[in-house]
Structures are given as structure tokens and as C-alpha cells.
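Please go over the structures that come below.
In the two complexes that follow, chain A is the common piece, with chain B as its partner first and chain C second.
Now for the complex of A and B:
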């Protein structure tokens, strides 16, 4: 075998072959939903088999966007997600910096506290949270939802920031301190640029969890005008029958913002590292 | 020069940084949590809340001595977490390595591969119901087309296949999480390390074990830990796909807790189950962190 052919073969075996399997596994459910979303609802219920929709219709999209008021839910989701992510991003940066750079009393306890919040199924806490939010007059308010999103997003994202910042050599902080940077400047002008790929990952992660969050919004929001997309979609699933094609269309719409965000973020993941590393 | 992060420097600066987070967590996580725990020593029943009284450790005694379902649920939980975490780590690592290579259309492939991660629980369940469904499901359609019509079944309701069916659906959504976390870790490896290894003539297999794995240790430990906790407490997918059935094949501990306290209203007993779930996870976390020296790495 010629060396060049061998090299190509290795590349096919180690890169393209597993990638194809992966893409198929990931892709099939999504493409199936995409195909369903363009079909006529009646043909889905009857159990007809069509790989590609025939005839193609956008009626499902029109239906969920206007009749089902997904347009309104979309705006609500945007408000709560952006509001929460902004706070989560910066607090996680602070926590990550504190945990990875300082040996302070209570640091391990703080980390244990962060982990402890993750150990309880949220559904168990729901009734207590509900009663508390009613008392605080924050039930049925998007602001209240934001506060809960922040509390539930902070632990994981802070720990993630800690491991990202931990990967940055301390020498760059110390060099900046010698140059006269104060602590705030070190965080924003040295750490933040160096940890940018990690920071964008955290932001993307926080956004997507807020965007998809269902249980809190479902329990606390009673006013249908304030529903986020996730709750709105659930109302498409009926007790006895479900309009599968409309649901598929709603799901595709709900997927667009996270996917767009990710398409943008993944560039940072690629270009990112080494940018802030110490040279020499 | 004054050391920036001296161990002995008396500074409240790190405390100022974590204070807002602590406030959030105490109010919105710990207060509700401990309130809930309080019910575990009562016989609170939603059907008869007035008869609530303190019963001491009676709920716990009952769980450990009489409750057969608890044992079954615990075994299922361990099986569930084991399958999910091991398979997700294995495939997540492979795909992170693949997506870290240079090839045409990498950005597009990455975006596509991470898509399930962006899919909500409701949608994941719906997508997989549309695949497993006996009548309209894609899997049965394909089997019939391929001439395996005799194999068609209601995959999520069949005793033999239900557990596997939920495991695969959860993998679909979990693998991208590992891939993205590990890919983030891969990006932190200085390329110079590989370059100098190439000069020294190291094989890529050797590089993987000598450079990639040690450098990514913290990401791997962390992702595995979080995933174990999340899979252990996860309810949404199993609940909507199989509801713990058929014949308790997919009844995990949190699902059992949910059924007891929310569906049947036995909040006291359900709270006791939650306390046990919490304790099991705490013990696991402590052992895991000790074994891996997490939080005591070179960067501390």
C-alpha cells in the first residue's frame, strides 16, 4: 500500500467513519422531527410512513406561532434567559476566580455547598419554593423566575469556571499585578480575555438551560401571557391526543435560538485558547 | 514582590466574590431543601394533613426493613447511572477528539453534534416517542422496510426493551454534554506540547495517554462527577417515556420518590426517600473527591 493511500485510509477509519455514525445517531431524531413538522397533521395520526413530507405544508408553523401564541412565549423566554445569563456569567466568573486562585477559609465548604444544591431532584423542592415565592410576592412574575434560574444555574457554572480558570497559568496574573493592575482589573482585563473560550461555554450553557427550563416556570407562572416556550410547547401535548406535527414544528422553532447561539459560540471554542497564555 | 495569592495573606476579597452566590443559594436552594427534609420525620399525607405528627425515624426504618420497592429502585438507579455515565464518557471522549481535529466543515459538524444538548427535556422525550412508538414510530417503519417485521414492538413499553430504550434516549442528550465539556478541556492543552512530542517521535496513542489525559484530568473528573449526580437524580425523561414501568423495569429512586410524594401524596415518606437519595449522593461525592484529590490540584 502506498503511504499516501494508507494515510487516507487511517483518516477515514479514525475520523470520517466514527463521525458518520455519530452524525446519524444525532441527526435521525432531529431530521425525523423536521420531516414531521412539514407534514399534514392528519397523515401523521393515521400512521402513514413518509420519509419526506408529501405534500409539504407550513400550516403547522403558522398554527403554533400565531394560534398557539408561540411568538409571545418566545419573547418571554428571551427576557428570562438573557436576564439570568447576564448575572450567572459574571457571578460564575467571580466564584471561579475566587476558588481557583485563593486558598481561603471555607473554600472547600463552599464547593461542597455548590455540589449539595445539585443532589436534590428539583421536583422535591417545588412545593416549598412555590410557598416561598408566593410569600415574597414573586410568584407569577418573570423577575421571580429569573432569580430562581440564577440560583439553579450558579453552582454548576461556577464549578465549570473554576476548572477553566484553573487551566490559566498564574504567572499572567502576577505579571499584571507587577504592571500595576488592581484586583478588579486582573479579573476583567487579564482573566476574562484568557478564559474567553470557557466563559463563552458557560454563557451558552447557562442560556440553554434557562431557555429549556420547564418545571419552575410551569409551577410558578399562572398567567398564560408570561409562559416561556417550554411551557407553551407542553400545552401542545394533549391528554388523549397530541398534534404531533404541530408539536414538531413548535420544537423546531424552540431550537433555533440555542442552535444559532451555539453556531456563534463554537468559533470561540476553536480560535480561543493559547490567546492569553504566557509566552516564554 | 508581594505574592498575589499568598496562603497567609488575610484578605476578605475571595469572600466578597462568593457572597452574592451564597445569598442566592441559601434563599432559593437551602431553605426549601431543609424545609422539605423536615417532613421526613413526620407522617404527612396530603389526603389527611391534619393528622400529621412527628414519627421519628419510623419512615426510615420502614424503608430499610419492609420496602421491597426501595431495593428494586436502588438497583435500577445504580444500573441507570452506571450505563449512562460510562457510555457517555466513552463516546463523549471519542467525539471530542474527533471534533478537535481539522477537517472541512468542522464548525457546521460541531454545531450539529451539540444540537441535542440544546434540546429541552420535553422535546427529547417527544422525539424519541416518535421513534419508539408502536404505530407511528420510525424504528418500526424501518424494521418493516428492511424485512424484520417480526421484530417490531412498542419499544418503550416492552419489558425486555424499555430500559435500553430510555438509556439510548438519555445517551442522545447526554453525549453532547460530555463532548462539549471535554472539547473545552482539549482546547486548554498548549499545542507546543504536541509539537515537542512530535519532534521526540511519540506516537499519537502515546500522546493521548501522556499529554491529553493528564491535561484533561480535571475536566474529566468534573464532568463525570456532575453527570453522575444529575443522572442519579434525573426524572424528566423516564417519567414521560415509561413512567417507571413496565413492571418497575425503569423505576429509579427519584421516580419512586416522585410517585410516593407527589402522585400518592405521602409527602413524609417521600421526603425520607429524598433524604436517603441525598445521603447516598453525598457519600459518593465525598469518596469520589477524596479519591481524585479534586480541589487540591496544582492550580490550588
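Now for the complex of A and C:
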């Protein structure tokens, strides 16, 4: 075998074949859900195998959007996700900058505490969170949900930002200061452009977390009109029967914002992950 | 620079304003005004007595209603019924929160924080934990004064009283509908094989007759996976005819020789008259086996009727629901699966108004429609005998007949016993061992009986 052919073969076996396998592993369930969403519900219950739906129907989309009120839940999710994500992004930027650039008393403990908040399961704190939000009169409000998203998302994202900012030499800050920049100008005019990939990563990660969040919203909101998409989809799972076609249509709709976001930030996301990977 | 700051500030302000749009700052309007929940939660009956007349004085009343296991169709039903009620009672405002799934975590968290709903409509309430926590009030006084109480099936009321874990036999909710465990059977297969399932012996014969392994057709599908033990228990009591899980001396009856005999015969069908996959079947797989035509019989409750209707394109000549077959004593023993109903929370400020609404929803047209939506049999005897929709759907008609038949008996499951349900997971696994021959039915039921006996003895301090 020629060395060139051998090299190609190794590449196929070690790279393309595993990647194809993973693509199929991840892609088939998604394609199956897509196919299911265009099928008639009765054909699903009967267990008929159809990869390409026949007949094709958009009735499931109409049903979940209107009768299951996904239109309302969708707006709620947009409000809570976007309402939280930018606050998380900017506060994480400030936190990350402070942890990366300043030496202050208890810094190490502060960072350990930030990490520890991520290790306690949410359900463990649910009663106390509920009581706290009731006392603050925020239990049944989207604003309260935003605050909780911010509180739960901030620690991890701050640590991520610290890693990204740690990759930028301090000399750049000093040069900017010599040129007359104050602290805010250094952060927004020098640091933010330099960590844009990392900042994008934080925004994307925070958005996905907020978009998929279920437990807090379900427990704290007592007005069903305020439920997010993640809770709204649960209505399609009945006590004894599940409308799989409608559920698949709902999931596809719920996937659209994260997919659009990832399509937009993909390039930054990859470099962002790499940028933070080797710096402490 | 100024532009960047402006943009950042505007973005932040925008998202905060936007996110604040949905805020009303409140939590549960049903408990607004009057005493704080903490003040009232301690003494349930005193609270109820103190505030009992609020509804009848025609003062404006706001009640919060949560309903569990709600689908889009059920939501519409609840909202319509509530709108009708509010139109007839302008002084009452009811705020509905439909909840998907059992909502147990949500409601317990809310109860603990004193923010539970005034009324909880549950299709199978976990009432014992609500009673234990004193989150709900007993309704005996309201029930006794209710002029339509005679309409409610006495057996259903008695079943609900069994859930009073305080041992006082009190009524914490008014049942609205019940579900039966039934045999969903392929009528056409029974006809083709000239079989019947009127008695247990005939059932075992029918399973063998309907099995045609060469054509991937099995007489029965056994739920060997999650939830299997619960159904196995119902079937063994139906087979043995024993009417209580504990006899008069407090001894557990689950390992009675007749029950052991049933488990040996029933799980012995695995592999011979069932598919190999039955070992791990949960509800979804069980339904799929029946609906796709690979199994001639499954055991489930009435809630799956709409699934089968869709699967068989509404052809009712292909399938039917049959109540538990007659045992040696000539009786059909069933479990009255925890009836649905509405509770009133101990933080409710207008229990009389709440009960009036419950009374409205538990009788007549509202309960008839509820039962249709939830796939259960009404316990309002007038509806049970006269509703047209029951006559139109054979499985409901058969269930109604069964419910009114004097040979139909119900066994006392003692489901309220602390720890009672915790053994089911282990028994699901044990039944799999019995199916594969790694354990005997006697060993499995002895283990089950020992566990339940411990629960019983520790509860009654033996």
C-alpha cells in the first residue's frame, strides 16, 4: 500500500468513521423527531415505521402553537432567557475581570464558594428558595425567575470569564491606562474585544441553561400563563397517553432559538472554548 | 465611549423592564386578605368553622384552583366549568392553574411555604402526605350538610376514608371518578379461538389459545418492568378473592397460598405465551404490544381507552375492556384505584365557598364531563346509570355495570400505610427473577409480606 493511500485510510478510520458514527448517533434522534412532527398522531400510536412521513401534515405544529399555547410559553421563555442572559454576561465579565486582575482578601475562598454553589442540587434548596421568593413577593413573576437564573448562572460563568480574561496579558491593561483609559474603558474598550470569543461562549452557555430550565419555573410560577416552553411541553405528556407527534413538533419549535443562536455564534464559540482551555 | 455606555445601559434597562413585564409581585391570590397562612394552618377545623360563612354572605371571594395531569383538552374543560360556575356565582372568582404531571413536588413545596392553592383538583391525589402535613382540612362536616351526598357511591366514599392516616376515618376529599383495572382484550382473537375470559381458568386457557408464536402473536403481554408489581398485586387479589391485605389478626395476606398459585401461573406464562421482551415492559411497551397487534391481552386501567381507539381506528369490534374475571368464590374482586377529587387546603380563607364549588364539580354535568376527559368512571350514581356517553363506549358501560353489580367487591389495599409503596420497585425486580426462574413465587411473596408486615407492625406499634 502506498504511503499516501495508507495515510488516507488511517485518516478515514480514525477521523471520518468515528465522526460519521457520532453524527448519526446525534443526528438520527433529531431527524426522527423531525419526521415524527410531520406525521399523523394515529400512525405513531399504531407503531407504523415511517422515516419519511406519509401523509405530511403540519397539524401538529398548529396544535402545539395554538391549542397548547406554545406561542405564549415561547414568549415567556424569550423574556426570561434574554432578560437573564445579558445580565449574566456583563456581571460575569466584571466578576471575571475582578478575580483575574485584583488581589483581595479571601479571593481564593470566594472562588471556592462560587464553585461550591454549582455542586448543590437545586431540588435541595427548593423549599428555601420558594420561601425566600414568597417573602420578596417575587414567587409568581418572570422577573423573579430572571433573578434566579442570574443567581444560578453567574458563579460558573464568572469563573469561565476569569479564565478567558486571565489569558490576556496585564501589560495591555497597563498600556491602556497609560493612554488615559479609566477602569470601565479598559474593560469595555480593551478587554471585551479581546475576550469576545469567551464572552460569546458565556452568553451562549447561559442562554441554553436558561432556555432549558424547568424546575424553578415549574415550582415558583403559580400562574400557568407565565410558564416557559420547557414546562409547556410537559402538557403534551398525559397520564396514560402521550401525543408523540405534537410533542416532537413542540420540541422542534423549542429547538429553533438555540439552533439559531449556535449557528450565529459557532465560530466564536469554538475559539472561545480553546482560548480558556490552557489558562488558569 | 459614550455610545458604548449608552448602548450597554439601554440594553440592560431594556431586558430588565422586559423581564419585569410579567411580574405581578404576588403569589397566590387565593390566600390574599385576612389572616396569614401561618395563623390558620395550626388548627384546621377551627379555621374552617371561623370562616365557614364567608361564601354564603355573598362577599367577593377569590379562590385559587390547581389541577394536575392536565393536557390542553383538560385545561379547556376546567376553564369552561370554572367560567360557567363564575357566571352563575358572580361573587366568586376562581383562578385556575393547570399543571402537567402529578405536580407533587410543586404542591408540597407550595404547601410547606403556606402558598398552596385553596382547592386542589387531583386525578389521584397523594392525599396521605397532604393529610400528614395538615395541609388539607377534613370535609366531613360539609359533606354531612350537603343535600346531594346520597348521589355519591358509598364504596367510593369509604375508599377515600381509608386514606385518613390519622386513623379517624375522616373524609378529606369528595371522590369524583374512579378507574378500574381491566383486561384489554382483542375481541376478534377471542372470537376466532372460541375463547372467553369470564373466569380466571378460562383466561389462562384463552391466553394459550390466542398465542401463535410463528406469526409473532402472543396471548398476553406481561408488564415485567416498572409498575408491573402494582398490577400483579391487583390481579392476585382478584384471583384469590381475599378482601384485605391484612386479616383480622393483622397478618399480611399477600403470601396466601392462593396468591402464590396465581403468581406461579401468571408469571409462568412468560416465554411460552408472551414475547421475550415482556421482561422489561413498562406501560409504553405494554400499550404498544397491544395496539400494534402483537399481544391479545394486557392488564391496565380505563385511562388507556383513547390510545386503543386511535390505534384500532375506532373499530370497537376488535377490542374490549373486561373487568376482573370471577374467582372460585364467584366474585370479581377489584381495587378501587385511588379516586380523583378535590381537597381544600388549610390555608383557604373561604372553605364553604370552596366546598360549594367542589359540590358543583362533583355532581351532574360537570362531573360527567370531567370523567369523560379524564377517562374515569363517575361515582355520581345518577350519571353512572343515565349518562349517554357511558352507554356509547362499551368499556365504560362494562365498568358501570361492574360497579353496580353486587358480585363486585373491592379489596382494602392499605395503600396509606407509611412505606407501603416503597416495596413496589423491589418487587418489580423480584417478579423479573420469577419470570426468568431465578426466584420462586413463594420467595417473592414472602419477601413482600415480611416487608408489609413490618410497615403494619411499626404503624400499629406492635
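The rule is simple: the second predicted complex is superposed on the first by the 253 of 280 C-alpha atoms of A that agree within 3 Å, B and C clash if a C-alpha of one lies under 4 Å from a C-alpha of the other, contacts with A are read in each partner's own complex, and residues count from 1 in each chain.
Going forward, a residue touches a chain if its C-beta (ideal position, glycine included) is under 8 Å from a C-beta of that chain, and two chains touch if they have at least 3 such contacts.
These numbers were taken from a predicted model, which means no experiment stands behind them.
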First (chain B), second (chain C), both or neither touched by A:234: both
First, second, both or neither for A:188, with chain B first and chain C second: second
Dominant toucher of chain A (residue count), chain B or chain C: B
First, second, both or neither for A:151, with chain B first and chain C second: first
First, second, both or neither for A:222, with chain B first and chain C second: second
First, second, both or neither for A:167, with chain B first and chain C second: first
Which of chain B and chain C A:68 touches, first, second, both or neither: second
Doubly contacted residues of chain A, that is, touched by chain B and again by chain C: 45, 47, 123, 127, 234, 237
Interface residues, chain C side, partner chain A - complex: 1, 4-5, 8, 11-12, 15-16, 18-28, 64, 66, 69-72, 75, 95-101, 105-106, 109-110, 112-115, 117, 123, 283-284, 287-288, 291-292, 300-301, 303-304, 306-307, 310-311, 313, 374-375
Chain A residues touching chain B - in the complex, by the definition given at the top: 15, 18-19, 22-23, 25-30, 32-33, 36, 44-45, 47, 49, 91, 94-95, 97-104, 106-108, 110-121, 123-125, 127-129, 132, 147-148, 150-152, 154-156, 158-160, 163-164, 166-167, 170, 173-174, 177-178, 183, 197-198, 201, 205, 208, 211-212, 214, 230, 233-234, 237, 244, 247-248, 251, 254-255, 258-259, 262-263, 266-267, 269-270, 272-274, 277
Chain B residues touching chain A - in the complex, by the definition given at the top: 1, 4-5, 7, 11, 13-15, 17-18, 20-22, 24-25, 27-33, 35-36, 91, 94-95, 98, 101, 103, 106-107, 109-123, 126-128, 130-131, 135-136, 138, 141, 172, 176, 180-181, 183-185, 187-191, 218-219, 222, 225-226, 229-230, 233-236, 254, 257-258, 261-262, 267, 270-271, 274, 277-278, 281-282, 285, 295, 297, 299-300
List of chain A residues in touch with chain C within their complex: 41-42, 45-47, 63, 67-69, 76, 79-80, 82-84, 86-87, 90, 123, 126-127, 130-131, 134, 137-144, 146, 184-185, 188-189, 218-219, 222-224, 226, 231, 234-243
